[in-house]
């Protein structure tokens, strides 16, 4: 019998099943440096310890998206080794900051299954929670993936589709820092919470071309081992004929680009949803634009912006491309990501 | 009104203007590892904590060039977002070592402006100072850049050209360590201060080919966001048709190559001047040679060498190419960098 | 006289000669992050501080192969700058763990010399020992390299070939941790010592394509300056016409791939031998398979597996390619590496 990991197939997932994932990972200042070097991240709250300490953090925190990618990476060998596609995210929460020296582990619970009509694949919904070494839940999120069946003739399970909120209730975002000493010169923008209006669109202007080495280094940093990102030899015979860039790389680069226009929206509080709407390959240049979907006052000093972050490739983000007249995502749109970010008032 | 940063144009700069730059950055051992991995740096003083501690440092210090690039990076959104060219450096000083855990911020003062005769651009001179979290000035330097005018018809300002020394006075280099326990076996070379003669040229022999991923990762490490380094899509229509490598990458690689011949000139004390004399692109191979321009005795145990560091590409550095008969820089010469380095006697 | 390092030629090596190498290097959590990001390493013992602490380590340890590459890198300027080929390894031992903050130095002793019959080259055997800042021997190994003669007409030295064991005696592996709390869910595999049988072959399935930027960054991380890995301009005229990937990069990637099938063989205890059986170039995809060559019980809770780790390129590792009918290594076989790893019982 093989000792390598065959991964789970659709038949292996049952609602209520709990999966403890391998490889506890200690995050360090080394990861902070690499994350910055690979994504271009430059929010003051995650760059300068003095700035972070003046605004409610114990130390220089790990970017929530870095922690997210690390927890996500742990789930790949168990959840998505035989996946066809990563379909979506919901209810991402980041209740406890992650600091250098913290060790993350992850547990997933299967909360939904639905066989596809072709009988060859099915959709699996999991809620994954990431814990620090004190057992505190640092983050959690739901994702659903399309997974191959081991045997197309095996019977379909009872369909269970979880009831997922389209938006994380802002009442659940009270963990935002107080931002006692937010210096807009150091943060890089004068535009605070009140300056943003619902429906406003922001062109983040700058572009970032992604190289094979960059996305591979980033994806290994997260210990995400999905084959499609690393194996050019096998990918030659795949649909695209080449390596695919991990969607988390796109999220992080688009988010880093959004500094130019949203520098004060530093702290990601929750992920409402997200779809990887098109593939990205090495050599493509990512641009980003954002739309303010909603606003919520969290306290006298802090508000939350609900932002749609859209990544496009090889085109002017100032065109604000999203969907065509047919309602489908427009060509070159790679990411439609919906999140709450804290912004000082 | 746009919330993205439009940058400053030539009209926006006035002599005496002080600009506080964004994004305090905490440097860590993660940055030390990345700097080594990206440049090939191997001076013992910046590699081994025991060696550094035996020679006057409190801990393993951050390479002064890494600190320089980080401070430089902070100035890009305010100073050179609309720059045409980075023209030169002067009076670089590094009075206080930077250690892992230090957080750097930066302030620039405009010390000169001169509109060009074409009326479309002008030269801006700034003195930039980098501070640690205790408010100590860790480093400072002057640079001048050619910046676009917003409106070619706007009036020219009164020309002010600062009086800049060609060379930093060695009397200002007393901050060199004492080097109480300099072990030439561990440092990698037997050649100390007395072994070098004025006008001596040193061939550093080794070559380093630079890949797109490498210079992009390095430039993001420094949070330098100049578009020309990252956006292949936009650069297709530029003069060179491709991404340009940040000049700081060339400085650091040339300096790392200079270990082979100048291993004991580990501590960069001052930058006298520097010019990026030709563009470098991914795939080019950097070589370097040095010339001893001057010598100064700093104490009984330490001297300073004034060194010209020249980077050439795709050619034998043993030819010591610099200028042609027409006085212009010879083909393939990328960098002419003039600095003081401390060397044990 | 040149101040750059000419390296040693065959004539310069004499049995009994001791070489103290340059550049003490302090390893940090930054190196741990980079090693993971460059190799895909994911053994729990070297990823999670909590896991490491529960299983006998004082802190999150540095991967023994990372420490090995760093010590190896120090020897390059003295041992193999004029080398034609790196021929083999033996007797690699890792008696003392290396932790972040430790500073490594290296000393080599020449233990054998043999001129080749062509009179132009010779083989040099060295035993290299790496020490931490307390003077403890953290690791040691023997390697032999083919080195150019400076002058083909110089006389041949008396041949001395050291008596090297084919296998490190398992009695010398008592330094393995006790693994008091080995959690196979967190480690990523249920297969412990008893599950492996001698002669068993394991297909590690996954592939990793290596980019120029990746192997260059890794090799500089180790401060290994061998020209063939970095200088595309000079390599154009070499036998292969391009840069060669450092063999240590292949060892580490193959070892990281072996997680898939050998997740509990986390701690490398000794290197019995190793041969780089074919060149690897950027763009090649590495796959790996392992063979259990022997087993040894070290204590009631820990055993050691003697493993052959084979790296192949651009082919299915499930074919278990090693040698052809002529006894020579089969096409595409890049590495034949023989080591002991500790595995909980």
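A, B and C label the chains in the order they appear, each numbered from 1.
One rule holds in what follows: contacts are C-beta pairs under 8 Å (C-beta built on N, C-alpha and C of every residue); 3 or more make two chains touch, one makes a residue touch a chain.
None of the values given here were measured: they were computed from a predicted structure.
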Neighbouring chains shared between subunit A and subunit B, ordered by label: C
Self-contact between copies subunit B and subunit C, residue sets same or different by half: different
Chain centre separation (subunit B, subunit C; CA means) in Å: 36
Subunit B, residues touching no fewer than two other chains: 28-31, 33-34, 211-214, 217
Footprint of subunit C on subunit A - complex, ascending: 2-5, 20, 22-26, 28-31, 33-34, 77, 100-101, 103, 105, 133, 211-214, 216-218, 220-221, 223, 225, 227, 230-234, 243
Residues of subunit A touching subunit B in the complex: 28-34, 36-40, 42-44, 47-51, 60, 185-189, 191, 195-196, 202-209, 211-214, 217, 260-263, 283, 285, 314
